[in-house]
Each structure stands twice: as C-alpha cells, then as structure tokens.
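A short worksheet on the structure shown next.
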Amino acid sequence: MAGRQDQSLGHLSLLGNQHTKYTFEYDPSILEAVDNLHVNRDFFVKFNCPEFTSLCPMTGQPDFATMYISFIPDKKLVESKSLKLYLFSFRNHGDFHEDCVNIIMNDLIELLDPRYIEVWGKFTPRGGLSIDPYTNYGKPGTKYEEMASHRMMNHDMYPEKVDNR
Amino acid sequence: MAGRQDQSLGHLSLLGNQHTKYTFEYDPSILEAVDNLHVNRDFFVKFNCPEFTSLCPMTGQPDFATMYISFIPDKKLVESKSLKLYLFSFRNHGDFHEDCVNIIMNDLIELLDPRYIEVWGKFTPRGGLSIDPYTNYGKPGTKYEEMASHRMMNHDMYPEKVDNR
Amino acid sequence: MAGRQDQSLGHLSLLGNQHTKYTFEYDPSILEAVDNLHVNRDFFVKFNCPEFTSLCPMTGQPDFATMYISFIPDKKLVESKSLKLYLFSFRNHGDFHEDCVNIIMNDLIELLDPRYIEVWGKFTPRGGLSIDPYTNYGKPGTKYEEMASHRMMNHDMYPEKVDNR
Amino acid sequence: MAGRQDQSLGHLSLLGNQHTKYTFEYDPSILEAVDNLHVNRDFFVKFNCPEFTSLCPMTGQPDFATMYISFIPDKKLVESKSLKLYLFSFRNHGDFHEDCVNIIMNDLIELLDPRYIEVWGKFTPRGGLSIDPYTNYGKPGTKYEEMASHRMMNHDMYPEKVDNR
Amino acid sequence: MAGRQDQSLGHLSLLGNQHTKYTFEYDPSILEAVDNLHVNRDFFVKFNCPEFTSLCPMTGQPDFATMYISFIPDKKLVESKSLKLYLFSFRNHGDFHEDCVNIIMNDLIELLDPRYIEVWGKFTPRGGLSIDPYTNYGKPGTKYEEMASHRMMNHDMYPEKVDNR
Amino acid sequence: MAGRQDQSLGHLSLLGNQHTKYTFEYDPSILEAVDNLHVNRDFFVKFNCPEFTSLCPMTGQPDFATMYISFIPDKKLVESKSLKLYLFSFRNHGDFHEDCVNIIMNDLIELLDPRYIEVWGKFTPRGGLSIDPYTNYGKPGTKYEEMASHRMMNHDMYPEKVDNR
Amino acid sequence: MAGRQDQSLGHLSLLGNQHTKYTFEYDPSILEAVDNLHVNRDFFVKFNCPEFTSLCPMTGQPDFATMYISFIPDKKLVESKSLKLYLFSFRNHGDFHEDCVNIIMNDLIELLDPRYIEVWGKFTPRGGLSIDPYTNYGKPGTKYEEMASHRMMNHDMYPEKVDNR
Amino acid sequence: MAGRQDQSLGHLSLLGNQHTKYTFEYDPSILEAVDNLHVNRDFFVKFNCPEFTSLCPMTGQPDFATMYISFIPDKKLVESKSLKLYLFSFRNHGDFHEDCVNIIMNDLIELLDPRYIEVWGKFTPRGGLSIDPYTNYGKPGTKYEEMASHRMMNHDMYPEKVDNR
Amino acid sequence: MAGRQDQSLGHLSLLGNQHTKYTFEYDPSILEAVDNLHVNRDFFVKFNCPEFTSLCPMTGQPDFATMYISFIPDKKLVESKSLKLYLFSFRNHGDFHEDCVNIIMNDLIELLDPRYIEVWGKFTPRGGLSIDPYTNYGKPGTKYEEMASHRMMNHDMYPEKVDNR
Amino acid sequence: MAGRQDQSLGHLSLLGNQHTKYTFEYDPSILEAVDNLHVNRDFFVKFNCPEFTSLCPMTGQPDFATMYISFIPDKKLVESKSLKLYLFSFRNHGDFHEDCVNIIMNDLIELLDPRYIEVWGKFTPRGGLSIDPYTNYGKPGTKYEEMASHRMMNHDMYPEKVDNR
C-alpha cells in the first residue's frame, strides 16, 4: 500500500486513536489540519454531515440538521475525524440555526485560511416550519471574494421540495 | 449550554409562550424580529412552510400551498414562531394565489428591511391546474436590486414534474 | 354523452351547485350518498385526501394530514363533493389524531353501512414526531368482519421512510 | 423473423391498419381477441394505460386516469391495439369513476371469458380529492373465484403517497 | 374573509359559474383576464397543466402532454378557470406538438400583453419517442426581450430522465 | 372548537407546559398515558421518530436512528409529548442498537399494557454497515400473541435499498 | 484467489471466451448450465435483464423490455454469459410479448429442470399502452407446484406507477 | 379537427404508412423534414429516445442508450417517424459511443440546417463503467455558435447519480 | 452513560481496537459473537452492507454487491465490527454470486446457531445482466424451519426496478 | 456491421482480450488511448464509475466511491477498458480521498492532453461524514483554462441530499 506517506500524518492527535474522548460542549480547539498536497490547483472538498445536533437556546430541546460544508483549500485541509468531533461538540450547545452555520464557518476560516468556503444547514421542522441557513466567504482581495458574491447571488434558486414527512 | 444569550431574546412575546393565542384572520402585526448577529456578512435564511392554507376569494373554499421564503437579512431576522403564527393568520383569509405571495413579501420587507427577499408559493391544483407564483425584491439602489433582476431572469428554468398525484 | 343518467343524481344538493356554503365546524350532516350500481360485486373505492386540516385540542394550533379512506360499498357510495365538504368541516375543529380517524370512519359507517371500510391518517410532525393512526371495520357477522381482522393483523409492515423533510 | 405466424393474425381488423377510424363515443364492439397459445398454463397479462380520459357525468368536464388492467387468460388474449381504441371510446363519454372500471371489466369478461381479471383506475383530483376504484372477478365455480376474494381482501394495504402535485 | 374584493371580479363570466359549457374545439375567445394588483413589481406566475390532450393531425389519435406555462404579467393576469377551459378546447383539435405550444403562447400574448412568457409541452411517447417543444417571448424593445434570449440559450441543459415507463 | 374535552386532559403534566425540563439521561418515568376513547375497536397508532440519538456503549460516540413505533392500544394511548421527551432521554445514554429497541418496547408495554406493539430502529452506518433491529409483542394468551408471531414471520421481506448516501 | 475451482468450470464454452459469436436469431441451444453446489438448500437466483429487445411480429418494429427471471435451482444453475447470449438471440426475432416470456421460461425449464421458476417482462409502451406479462412454474407433483399457484394468486397486487415518461 | 393542414404533409413518405419497411443497417437517407411554421421565433424541440441500440465495433455485442436530441429549428423540423426509423437503422451497426452521437448530429445538421443542435447519449454500463458523450453545434457566424460554446462550457455540472442498478 | 455494561464486552478482540489488521483473503475465523440479552423474545437484526466486493472466479475481475443479512438470534448476536472485517475478507476471494451468499450464511449459522437467518446479495451488472441470489435457513425441527419455507415461497414478488443506471 | 474500422483499433492491447491480467496496485501505465475522430469539434465524454475502491492510508480499511470523470478530448480518447483496469489498480492502494481525484486527473492529463477535464469522487461515509472532492483543469493559455475557473466558481451549488442510508 503506497500513496500518502504515513509520516506526513504523524502529528495528528486523533486519526486512528482508540481512546478518543468525546466532548459534547462546543470546543473549536478540537479541529486539526493536514497539508494540502495540491496547492497548485483549485479544488473543492465537500463534507456531508447528516448527523448534526444541537440545542435550541430558548427551549433547550434538541435540534437536528444536515450540514453541507464545502471549501477550496489553500495550504490546509481539515482532518476529517477532527471535524466529526468538532461537530459532536455542538451536541449540548444552544444556539439559533442562523448562528450555528456562521460559527462553524468562522472556526474553519480560522483553522484553514481557505480560498473559499460555504456552510449550508438544513434543519428538521419545529412547529411546521424548517429553516435552512446558508453562509459563505471568499478570501478578501482575491477572486474568491467575487466568487462568494456570485454564489450568494445564485444561491438555491430551486428549493428542494419539503413536505415535513 | 452557552451560545446566543437568553437576555438578548427577552423582548420576544411569543417564543416559548404557553398561552399562545392563534389568530386565523390576516394580521401582519403578529410578526416579530430578532437581531442579526452577523451583519458583516451576507447570508441566506430559508423557511420551508408546507402547511400554508387560505381561502379562495371567489368560492370560499380552502386553498393549500407550500411557501418557500428566502432572504438575506440586514439588521433583523424574523423570529420563527412569529412567522408561523403570521402564516396561520391566512387560514380564514381570502385572496388570490398571486396576491398572497406579494402580501407576505411586503409584510416581511416592512418588518425586516432585508437586503434581499423572495417568496415562492406552490399551490395544490383546482380543476386540474396548479399555480405557483414567485416574487422577489432587492433593496433599491443597492447591488441587491440587481440581484433581484438576475434571479427573476433565471427563475425556474427547470419546472418540477407535476402530475396531480 | 351517455353513461350514468343525470336524473339518477337529481336528489343531490351539492354536486355542481355554485352557491356552495363552506362549513368549518364539524358537521357530519353534510355527507350525502348515491346509489351503488354494482351491488352484485365487491369492489373498492379509495379517496386520497391530502388537504385535511384540523386544530390541536390542547394548543389550538392547526394540524395537517393526508387521509386515505377506502371502502367496499354495499348499497351506497359517498358522493365525492359532500365528502370534500365534510372533511372541510374539521378545519376549525379540535381533536386528537387518533380521534379524527375514528370519527370519520364512524360517520361513513352511519351514512353508507358499507361492507368494509378503513381510514388512515398521516399527519405532519409536531416536536419531531409524527403520528399515523389507522382504523378499520367489517360488517359484524359477515366475512368482512374477518377481513377487518386480517387487514389489521397485516397492517403497515413496511412503514414509509419519514425524515421530517 | 420467425415466431408467432402472421397467418394466425389475419382476422384482425385493426393491427397495422393505416386507415384506423378513431371513435370517441363508448363502443365495446371495438374490442378484438387473439388466441392464447399457452392455455396449459396460468399467466398474467397486465396493461398499463396512463392515457385514459372520460367526461364527468354531472359537469361535463374531462376526467383523467391511469387504468391498470390485469388478467389470467383462458382461451383468448385481448389484441392490444383494439384495447387502445376501446379505451379511446370513453373520450367523450360521461360516467362516474366507479362505473368506468366496472364497465371496462364487464366488457373484457364478455370478450375473453378470462379465468381472472381486475381493473384499477387512479384518477387525478377534483376539489382536492382523488378517487381510485378497484374491481375484480374470478370465473364462478373455479379456484379463480376464490382468488378474486383473496385479492379483494388484501387489496391496497399500502396506499401510494398522494400529495396532489 | 377579506382580501381581494369580490366586486373587482364581477366582470368574469366563468369563475364559480355552475352552468359552464365545455368546448372541445379550439377557441381562444374563452380566455379571460383579471387585473394585476402588483404592476410595480416583476413576478412570475406558473401554471402546471398535466391534463392537456389534443389529436394528432395525421392519424387523429389522441396525444397527451403536461404543459408548463410561466409568465411575468404586465397589467393583466389570466383568470385560471378560463385558462383551464381554453386548454380543454384542444381536446378534439389536431395539431403537431411544436404548433400547440406556439399557438398557446400566441393566444396568451394577445390576451395579456405580458412582459415575458414561456410554454413548455412534455408529451407522452409515440413509437418509442417523445417530443418536448419549448418556446418563449419577451416584449420587443424591453429588457424582457433579452431575457427571452438568455433563457433560450440556457434552456434545459439537464434533460429529465425519460425511460418510457 | 369542540371535540376531545380539555378537562379529560387535565392530569397531563407536559402538554403545553412552557417550562419543560429536558432530561438527557434515560428515564422511563417521563412517559405519560391518556385514555383511549375507542376501546371497542382495534386500531393502530404509529409514531415516526426520525430524531433518535444515543451513545455507543463501547466508544461513547453518538449513534443516530429513525424509530418506528406502532401499537394497538388497549385502555391507554401514549401522550405524544411525553414520548418525545422519553426518547430525548436516550441522548446521553449508551446502549447497543439491539438493546435500545427492546428497552423502548418494554417501557411502553409497562406504561400502556397494549394489545400489540412493535419497534423498528433504522440506524445510520458505522464502518460501512448499518443495523436495523426490530422487535414486537402481543398480549400473552390473546390473538395478539399470534399476531406478533405472524408479523415476525413476515417481517421485512423487501429490505429498503441502502447505499450509505 | 480461492473459492469455486476453475476446473469445475472447464466444460463451459462461453465464459471468458474472447471470440464470442453473437447470434441475433432465436437459438435456445446457446444456453449452458453449471452445477449447483448447494442442492441441499432452497435458494433463489434472480436475473435482472433490462436490455431485452425483440421485433413485433405484426409490424417488424423493435420492442424493448426489462426481463426479470427468478428461479429456485435443483441440480443446475444457468451460466450467466450464456443467458445473456440467449437473450441477445431474440434481437431479430418476432413474437408477441405474451409469447416471449413463456418461451424463455420453457427453454430454462428444459435446460435446468428447476424446482421453481418465473419470468416477468415489462415492455415499453406502444400507442400509449404497455404490456407486462408474467408466467411461472413449479415442478409438478412437488410443493413447488403449489408455490407457483400461491405466487400467481398473489401476483402484482401493487402495480408500479406507469406514466409513459 | 382543424389545425395543421393535411395537405402540407402530403410529401411525407412515412407518416401513417402501414407498410413501413424497417432498416437495421445505418441509413441517413431515411430522415425526412417538415416545414417549420414558426420561423419568426427561436424555440426548442427535444426528442427523448430511450430505445436506442447499436453494436460494439470491437466485440459485436449490443449496446443500449437513451439519446436526448434538442435543436432550435431554422426552416425545417425533423419528421418524428422518420427520426424513429433512422435511429432503428443503428440496430445492427457498429460504432463507438462517442462516434454515434457525432454521426447523429452530423446527419441532422445535413437534413435541417438548424440554428442550434445538441445530442447527448447515456449508455448502459459495460464492465462497471458507463459512458455519456455529449456534442453540440451552432450555425457558424451566428449567435448560435456562441450559444454552443456557452452550453459546452456549462455542460453537466450536476452529473446524475449512477449506481449501475 | 449507563446501559449495556462495559465488562460484558471485555472478551471482544476487535471493537475499538486501533491496530486492527485487515485481511483480504476469506477468513471466517474473524467473526465474533456477543450475548443476546433478550433471549426470551424473537426479534430481527438486519445488517445493510453496501460495500461488499469479491472477485469473479473465472476472470479475476472485481464484483460488487450490497448484502442484506437478517436473522432472529438465539443466544448470540454477531459483533458488528467483526462482521465488517469478515466481509472485507472476500475482497481478494473469487467465487460465484450464488456461492457467496450461501457461504456467508453458513458461516453465520456456524457462529450464532440462530433461530432464523437469510442473506440477499444484489450485485452490479456484468454484460447487461445483474444477479441477486437469496438464501435462508430456519433451525431444523423448529417453527423457524417452516418460517424459512414460508419466506422462500413468498420471496421477492415485487422485483425492484433495475435499468443499469 | 460498418462504422469505426476494426483496423484503426489494432494497436489496443486490452479490448476484447480474454486473458486480461488484473492489477490491484496503482499503475498508471495501464491506461491506453484511441484516436479522436472528431477533433474539429468540442464534445464531452463522461465516465460514470460507481465501482471505485481504495484503502484508507491511515487505517488500511477499504474506501468506496463513485467517480465521475468528464473531459473534452483534443487528439485522444481514453480507451474504456483500460480506464476500468486503471481504476481497479487503486484496489489495494492507500490514499486520501482528496489525493485520489487529483492523481486520477493528473494521469489522464498525461495520457490525453485533453482540452478540459474534471474528476468528482463521491465517497461513502466514515464516522457519519462523507467526503466528495472535485478537481478540474483546462489547457493553460486556452479558453479551456477559463472554462475550468468558471466551472470551479459554479461547482455544486445544489449539494445532493445525503442521509447516510
């Protein structure tokens, strides 16, 4: 088995670690990065995260969402197990839907300094309504800033059919 | 449980209020707003509302629709429980499909002064035909006005398959 | 245009009547029957009713369901416009989901004295849960009574996928 | 090209006939039969007919349905082009949904004297309700009569999802 | 019940009229218009029409299609019941698929003088092929003319999967 | 608003209670019952519960499932808000998938003494595999015990397509 | 790579043979069998065959179908490449839909002497109708003969939705 | 039956011709054109062709595809029955997938001199891979040439999910 | 976190073990069992396994399948991580589809001595055909043996639609 | 059988070769090219590859993905059987998801020197998350370089619904 060298991964504290401790209080320090081996190229990485859960800040009851996180890396990729654990850390955390997607994006910008990133949360309904916040970001002063505007302008012109079943 | 502070929500009259009174006559004063904590950024909030019902102004019989409401907030977000109650207030109100979406959008513009907003109603058929009105708005004199034109020009080029079953 | 003779339909008060009055308080007297022209044969009639709405008896807020009503007629069929108006009459009526399906079935038994009947309501979720009550009936002392037991015993062994979206 | 011999088909008046005359008034004499070459065996033939249209006997407006016709032949199969033309003959004919499926089945019993037959019509909604009548028949005094009872008793225990769109 | 005032609808000859006469020969005079109450705004109205049927001009046999009609109104909306009756009037009319969509669009342009309009017909297959003509129009000399070009240039880049079943 | 009388619901501690306290440690005492008003009849009540989450007893990481709970009541129905809170109480509880469904069923038997009950959990995959345990129960010495055997014998003969996406 | 021994497959003339000659005239001699290594057990083998095509015996034009072939083997399995080539041999062969499924089943009974077998063809529509013949067989004088009756009696009680698109 | 006049169709050799001869060797001379009655307007015509089959040039075995053919006509439309017969003529013809779509487009350009045309073939898998070639063309020196570039640049950014089942 | 006690799991060699060694040659000794805590009850456990891959014994090329494994345990459950690793061990193993499902079932019978078990493999197509073998087993001399016959007799009467895309 | 001449394919070492040797260690030398016969035209070729599997570089366990590979050829097409074998060669190779798509694209650029190419991998989940990397390339200094930027900027604005089932 050849490919990405194991040594390039030695600094990671989580991958393959049996005695992982799960944190259910919001903790952005969980996030870890790995090197992007293809910095000469723009490419997208998307994480599909259908197992996101947090608490409603007003009532304390659980909220559930699928988070779609997409970015064009610069020098860093997010290590996927650390992303999983980071998302787990919202489990007993209370915030509005609109806040969660912005916080997740802010933390990933802080970690990765990506060229472009976007986060879309699709929540299950409460009281017959469901809420799907979407936020994005392009590195200021680059073409990716324009890209963020362009994608915001064209966002979700075909809302998926939702019938609460 | 940390996150959005409870005190920032104290002015809300509806959230978590047990003795909610449901109004089934059109009443835009039901709508309430909360502060947008991320004004530095453009982001979208979409409400999926599959439980909209009103009355036909000609025959008095019930109409049913799914409403998709999306906006880019400026200083205000709409509080979701108040939006639910506002939509309930169409229950015994009579208006044409085309009028309902424009009225809902007008009321949310009045409440939120959003950067951008759009409302798409998808109604169930009467006499073998169904009607899906779509309206939008961008704050005049800003780039969001252009955004509204752009989205209108590119609206719904892939109509969903409808076979009345 | 031949077929079912118009005169056989003359007693109906609703069909094709322009000045229909819509009643939004529960009223089983709205229901009307027509003659079954094929009494020599068992056959099923199913009504798909995706536009059912009532009120929650505890909170007063609207509930939404699709009602599936199926029966084997004896001497009478339910006239479809009267069924529509009858279902409208739950619009401002408050009852539990489990009660609604039993009430609807009771009223149709009263009207039609059918050989067999069943009612299945599939409601939209409240608080992350949705409820789907199902009830049935076969004329006592006939093979249809057994049929009801048989169908109850085999009911819904493949629950549809529900993800609240 | 071998297989079913052309000569065995010579009596058919419709198949491949260019100057077909389309009749839009109900006419069961259009139906034609061909020999069943596999009488030693029970087998099913199903016709999927999504292009059925008739007129409402009360209002005169068009109704639309998909008809599913399935039978176990005895000595005869229905010739498919004649079935198509027969179904066309309902185009300007007025009858209730429940009557249409029984008439179609009666005419095919008359033509084919089949071992078993069933007809299921799934109509598009009027006023928010749709109606799906189902009827069946097994040759009296044979095991197919029991088969008809068995299939009636187990009919449609998983109603398809219908949301009128 | 408030909302659109009944008096503003008094001139309509069809809506709610019990004794509707159905015309099954092409007749564009059936179409009626109502005032657009939101002329200050661009908005789309889409009609989903899955019950369109006409006759093949060569063979006389019935054709079936779903028509999707979308427009941005100027001063007029099409009254929906009159549109239904107008589409019924193709029932015994013979024309090619490509002609039907252009005729429907021409008649609605004549009636409504809309800012923008498009018509897409999706027909059921004959001989293993199905045909989906699409046409559009923007008011000459306005930005809507460009809009029509833009939408034509970007039309249907993701053809829906069709397998004739 | 008529229907189920409010007074019959007065003993319930949870329904409509604003200051609900959410418990995230397994606690079957949360469950509450209401009277079945239709004891003369067998009918099914199904709860669709797509927001179930617990912890893996070996690794401590979150598991996610949709729970389908169906029963034929005897004298009692489960109050739906208490069921929701009970399911919440698994949030920080660790148990195997096979244990969870059996525990839930045992607790509901204890609460309701139902004629028949079944619980089916459909979990998201771990390591490329997902697990769907199903358990059921019929009151011993009644026909419902046979019903449980019958439904176990015929359980899930058409496994849903699962491709982990 | 262990498992089924290559030598047990040496008599096969087709598997892995580069210079396969494709025959497009019906030829049942193409079929080859391999030993069933699990004769002590009843098990099903299903072949999904969506690429079946033959010619209409009346008009000579191509027909298309998906064939579903399922059987419980006795001493022999059909070798899958030979089945593919056998089905290819209908390519320029003309026969009615009802005949094709019976011929295929007869040829496989001749080859395999199976305990049980069934063949279901689902054809694409001609003139708006599609035909789906189904036939089956159980070894006479065994429990599989009853099995064939049982499956015929319960065949296709949930016809798939067909809309010719 | 009015509409497109029969006389305008008199030169066609195929439409409604009973004694059609089917050619299964590639023959572009089969194609016939009819006049475009709407030359003043750009409109699209799409043919959905799910019954395309040819032979692999290397192995001789059948290939299957759905062909999607879309064009903006200039003075001519392709007559649909001739297109069907032309596509049949690939039945015993051998060519690579990439070649087939280009040949079909070339032949239609030759016949119709269209303003714009595109052909997309979606083939069934061989060896676990499937191939979907797409080609297009705009009349050189017109805006349709740009249109072709634009559509190529934006082609298929959302590949449909393919799992070979 | 309470629930299943950790100590009851101490003998397991794989669960949570970081230094798992993956074996890609068939090795049934990988399988491990855990105690069934609910032996007083019949319940089903289903494993959905969409990531099964083996090698074709004739050509050596990879095959892919989804395996559905369902059983009613007696004293033992299969530990899920060991099942995953066992299925991995087919990765470089060559066997016919029909053999794979029987081998997997035999190994699980050996490990678990279950009351009932069944295995259904759904493979991707080769040469346009796909094969779906299904096998089952009930403990001899118990009612589960009859259950196996019953489920075999009623197996897969609604084959899923397969079109190789 | 005419069409692409056999002699033009004589140099290929793999197509139709019975004694294919399968390599399960990464080996880009397996790839072979054939001439593009339509160099005068831009056209797309897409390969749908749902049977991709590699090993995780950290844990050694298998990963599974569907690879979508699309390109506009210049002088060369990739021969499809060689592409299949090349993708097989990742079977026992370890690399991160993000690396796999970039390596595949690099190797195809090396082989084909295409005008444009893109590779999208959609992987099955690990730990509840799935990862979908996408990369693209346009020949530097040509309009295809811009095309790559354009497609990156507009990539995947409608993420498919992923729920891990």
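A, B, C, D, E, F, G, H, I and J label the chains in the order they appear, each numbered from 1.
To be clear about the criterion, contacts are C-beta pairs under 8 Å (C-beta built on N, C-alpha and C of every residue); 3 or more make two chains touch, one makes a residue touch a chain.
As the structure is a prediction and not an experimental result, all values here were calculated from the model.
Relative to subunit E, the chain whose mean Cα position lies farthest away is I. Between D-E and C-F, more C-beta contact pairs join the chains of C-F. Of all the chains, the one whose CA centre sits at the greatest distance from that of subunit C is J. As for how the two copies subunit F and subunit J face one another, over half of their interface residue numbers coincide.
For B-C, the equivalent interface within C-D, F-J or D-E is the one where over half of the contact pairs agree by residue number, namely D-E. One inter-chain figure worth recording: subunit G and subunit J are separated by 35 Å, centre to centre, where each centre is the mean of the chain's CA atoms. Measuring from the averaged C-alpha position of subunit D to that of subunit G gives a distance of 27 Å.
With centres set at the average Cα position, the gap from subunit A to subunit G is 49 Å.
Taken residue by residue, subunit F touches two or more other chains at 16, 48, 50-51, 55, 59-62, 64, 92, 124-128, 130, 154-156, 158, 160, 162-165, whereas all remaining positions touch fewer.
Considering their complex, residues 20-22, 24, 50-51, 53, 55, 59-62, 64, 88, 91-92, 124, 165 of subunit D touch subunit E. By the touch criterion stated above, subunit A contacts subunit J in their complex at residues 1-4, 6, 9, 15-16, 36-38, 41-51, 66, 68, 70, 72, 77, 80-81, 83-84, 120, 147, 150-151, 154-156, 158, 160. Of all residues in subunit E, only 25-26, 55, 57-60, 92-99, 101-102, 125-137, 149, 152-159, 161-164 touch subunit H in the complex they form. Residues of subunit B that touch subunit D in their complex: 61-62, 64, 122, 124-128, 130, 160, 162-165.
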